[in-house]
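What follows is a group of structures, each given as C-alpha cells.
Note that chain A is present in both complexes that follow, paired respectively with chain B and with chain C.
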Partner chain A sequence: MKGQPVQPLLRFGIEKADSPVVALAGNPNTGKTTIFNALTGLNQHTGNWPGKTVVQARGKYCYGGQEVVLVDLPGTYSLLANSVEEQIARDFIYFGRPAATIVVADATCLERNLNLLLQVVEITPFVILCINLIDEARRKLIKIDFARLQERLGIPVVPVSGRTGEGLELLKKTVLEMVTGQLRPSPKQIIYDGEVEGALHQILPEIKGIVGDDATSRWLALRLLEGDETVVQGIQHYLTTDPPPRLEEVLA
Partner chain B sequence: MSVDLGRILQRAQDLSCGEDAVRDKVVARIYQEAESLASEVVMAEKPARDWDTLIDDVLTSKRFGYPSMLALLAFVLWLTISGANLPSQLLARLLFAGEEGLSRLFLSFGAPDWLHGLLVLGVYRCLAWVVSVMLPPMAIFFPLFTLLEDLGYLPRVAFNLDGFFQKAGAHGKQALTMSMGFGCNAAGVIACRIIESPRERLIAILTNNFVPCNGRFPTLIAMSNIFLGAMALNGSSFLAVLLVAGLVVGGIAITLVVSRLLSATLLKGIPSHFALELPPYRPPQVLQVILRSVFDRTLFVLWRAVKVAAPAGAVAWGLANIHVDGLSLLGHTAQVLEPLGAAMGLDGVILLAFILGLPANEIVIPIILMGYLSAGAMLELEGLPALRELLLANGWTWVTALNMMLFSLLHFPCGTTLLTIRKETQSWKWTLLAALIPTLIGTAVCILVAQGARLVGLA
Partner chain C sequence: MLLSQLPVGKTGEVVAITCSGLMRRRLLDLGLVPGTKIQTLRQSPGGDPLAFNIRGAVIALRLDTASQVKIRLVK
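Let's look at the complex of A and B:
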C-alpha cells in the first residue's frame, strides 16, 4: 500500500492505516449500522469525528487473511454538504481516499437510495452497492434485477439482509477483491447537459494541473462550477502539503 | 496552491451562469438517472395493500393525529400506573420485612444505635423506597416506550408536532429529542445532536427538561394518587392517568412557550427546514425489546439511582439525627426553607428533598419520607396507601400534592443532565440557564397555584 495518503486519514482521527480502509455510507434507516455490527462484531471503537459532535464508529474484521478497517460514515441522503453529516461523509470519501466505499441501500425504496450512490460513484470508482433489507422487499413482493443493475452501474451489486446475515459472505468477498485490486470497477459516468459539459471541458485541464489527472478531477470541477466553497475549504484543510495521490498509486 | 484554487473557483463562477444554475441541473440530472435506473430494475408485483400509507393516513392526519397521539400517551400511562400498583406494594412489603430482619440482626450483634440508624434506617430504607417506588413503573414504561420506538411511531410524533415547533421558532426534530427525554433527559440532551443549527440545538437542550423523565414519572404517579386521595376520589386509576397525561401535555406546552421566548430573545433566528423520513412500520421484535429495555435501560437507570440513593440515605439520616440546639440539622435547614416552601404550597422538607435530590430525581420522595419519619411518626410503610396516610398526617393537602407534581416537572435538571448539558454546550453559562429557567418557572407556577387556591378559599 505505498502512497497511502496517511495524512488525510490522520485528520479524520484514524491513526494508522496499515490495513486498507473501507467506508460504509448510506441513507439513514437502511440498516447500515446493522451491517456494520454484523461485519465487525465486537471489534469496534467509537468516538467523535475530529472537531465535530458527530459520532464516528470504526471497526475491524478479517476475511481471507486480509484485515480491513471499516469506517461507518454518518447516514445521509446526499453528499451535497448541506449538513455537517453530509460534509463529513463527502470529505471522508474524497479526501480520505478509502480503498473501497460500501453504499448501503434500502431494497424497499431503491430509487431514493440510488441518488446517494450516483453521487458517491462520481467521487470514486471503488464503490460496492450493498442492497439491504432484501427479506423485507421479498415480503412486500418487490423484485430487483440485481444483475441488470450491476451492468448498468458498472460496479458490484451485493444483495444482503443484515438481520439474517444473508449475503454478508459475498459482501466480504467483494470487498476483499476490491481492496486487493482484483476487482476494478468501471462505473458509468453521468453526462450532463451541453452547457455544464462545455464548462467542464474548459475548466478540467486547469484542475488536472493542480490535483493530477485522476478520475475524481471531474467531480472536483463540478463542485467548483457549483460554487461549493466547502470543497475549497476541504482542500485547504486536508491537503495542505501534497496533492492527493493518484488512485493508481493508492492501489499499487 | 490555495491561490490557484481561488483563481479556478473564480473562473468556474464566471463559466457557470447564475447562482445555483449548475447545482440545480446536476441534482435534477442525478434524480432523473436514479429514477430511470430504478424503473428499469425494480419490479413491484402489484402495489400490494400498502398498510404503512393507510396507517399513516390516520396517525398523521390533521383530524386524528393529535387525538391518537394523546390516546396512545394515556394508554401507556394507564398500563404503567395500574400495572405498577400491585408489584410496588409487594416489593415494599418484602423489602420492609427485610428491614425488620436487618434490625434484629444488628440488635443481636449489639451494634450501637447510630450504626443501626445510619445503615438500616438511612441507607437501607432509602434503597428500599427507591427500588419499590421506581422499579415497577420503570419496568413497565421502558419496554412500552422501546416498543413504540421499534415500531417506528416516534418519527410520526415529530411529524405531527412539527408545525408547533416551527411556530415556536424551533426545529421540528426537537419533538424527537423531547421524546427521548421521556426516557432520560441526559439522553434527550445528547440526542439534540441530530439538530444541525446551533441555535435550534441550544433551544432543544434548554427545554428538554420540561418533559418528565423516567426518574420523575414514579413521583408523578405516586403524587397523582395522593392528590386524588386528598380530593376524596380514591382508587380511580382513570383520573390518575388523566392527571399525569395532563401534566405531560402541560410540560410540552411549556416547552413550546419557552422555545418561542428563547427564539425571540436570546436565540434569535429563523427555523431551518429539514427532511424527516417516516420509516416503514416494522413489527417489533418483542422479546428482544423487552430484554434490551430491561437490561440496557431499566437496570441501568435503577443502578444509577441506587448508587446515589445509598449515600443520600446516609446523609439524610445524619441530617435528621444530628441535633443542634434541640433541633436536627434537617429541621434547621427545613426551617430556613420553610417560608419559601410555604409560599409555594410546599414545605421546607420538600424543598430540601429537591435540593438533596439533585444527583437523581428518584430519591426526592424517599428523602421527604426520611424527613417526616425522623420527626417521630413511625409507620409501617406498605405501598401507596400507607404513604398517603403519612403525608396527610404531615399536613399535606391536595395543593401540596399538586404543587409537588408541578415542581417535579418544573425544576432544575438532575446532576447527570446538567453535566451532559455542560459537555454538549461547552459552556457553564448555558448550563446555569438550563437550571434557572425551569426552576424560576416552577417556583412561579407553584406560588400562583398556592396563593390562588388560598385566595379562592379552596385550601
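Let's look at the complex of A and C:
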C-alpha cells in the first residue's frame, strides 16, 4: 500500500492513459449511452471489464485541442456494491481515479437520480451533473432551476438533450475545464448524525495513515463502518504494488 | 399494513422498512424512504412479484421483499 501504487487504471483494462480519463455514470435508462455515442461517435472500443461478464465501452473525443478518454460505466441506482455492476462503477470511480465523473440524470424524474449523484460526490469532488432528456421534461412541463441546483450541490450542472445534441457543447467545455484544473468544484459534504460522525472521527486518522490524506478517505471510512468487505477486497486488488501472481506460480 | 397487501390501483405511503442490511439499502436506493408515495400497478399471474410505481419508475418486487415495507393507505 505504501509507495507508488501501480497504474490503477491498468487493472481496469485501460493500458495507457496519456489523455485524461472521464467516467460516465448514471441510473439505468437515463440516456447515458446516447450521450456516450454522441460524444465519441465511432471512436469507441467495446470489451469486458477484466474478469467480469459486464460490457465495458470506452471511447475518445477531442475538444479544444484536448483528447479525452470516456468510459461508460454500467447503469446503477447506487454504488453500495449490491451487484457486480455497482461494484464495477464504484471501483472505477474510487480506485481508477478518473479526472472527472459525469453523472447522467433523467430530467423527468430527477429526484430518484440524485441519490446516486450524492454517493459519487462523497467519493470524488470532480463531478459534473449532466441532466439529460430536457426536451422530454419540457414537453411534460417540468421546470428545473439549474442555477439553484448547481449552487446547492456545489458542482457544475449541465442540461442536455442527448437525442438532439442540445447542451453537448457546454458539457464538453465543462469537462475540459475540469480535466485541465480550471474548474475545481467544492461539493457540499453530507454530515451524518452524531453517532456516525463520532465513529468517523475515531477511525479517520488511522485510515488517513494508510491510504493518504485526501478527500476520499472519509468515504472509505464510511464504507468500513458499514462493514463493507468488498471495499477491502478492492484495496487489495487495485492498490497493491505487487503484480498479480502468474498462473505457473499458482499451479507450482 | 404491508406493501405486499396493497391492492392493484391503490396508493400507499411508506411508513417504515423493517428489514436490514443489503436489502434495506437496496430499497432505500430505489427511493423507498418514509413518506414516499407508492402505487401498485400490476400483479403477475402467480401473484408474485408485484409491480409498483416508485417515484416515476416501474419496479417489480417479490412478495417477501414487499412485505418488509410498512405502509399507510392514502385517500
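FYI, the second predicted complex is superposed on the first by the 235 of 252 C-alpha atoms of A that agree within 3 Å, B and C clash if a C-alpha of one lies under 4 Å from a C-alpha of the other, contacts with A are read in each partner's own complex, and residues count from 1 in each chain.
In the analysis below, a residue touches a chain if its C-beta (ideal position, glycine included) is under 8 Å from a C-beta of that chain, and two chains touch if they have at least 3 such contacts.
Note that the coordinates shown come from a computational prediction; the quantities given were computed from them, not determined experimentally.
Taking chain A as the reference chain, the count of touched residues is higher for B when chain B and chain C are set side by side. By the touch criterion stated above, A:190 is placed in contact with chain B alone, chain C being left untouched.
In the superposition on chain A, A:80 makes contact with both chain B and chain C. In the superposition on chain A, A:115 contacts both chain B and chain C.
Once chain A of one complex is fitted onto chain A of the other, the partner contacts of A:170 are absent, as it touches neither chain B nor chain C. Annotation: chain A residues 77, 80, 108, 111-112, 115 touch chain B in one complex and chain C in the other.
For chain B in complex with chain A, the touching residues are 1-2, 4-6, 8-9, 11-13, 15-17, 19-20, 22-23, 25-27, 29-31, 33-35, 37-46, 48, 193, 196, 275, 277, 279-280, 282, 424.
Interface of chain C with chain A (complex): residues 22, 25-26, 29-31, 54-57. Touching chain B in their complex are the following residues of chain A: 27-29, 53-54, 77, 80, 83-84, 108, 110-112, 114-115, 117-119, 136, 140-146, 148-149, 152-153, 190, 192-193, 195-196, 199, 202-203, 206-207, 210, 221-222, 224-229, 232, 235-236, 243. The residues of chain A lying in touch with chain C in their complex are 77-78, 80, 82, 108-109, 111-112, 115.
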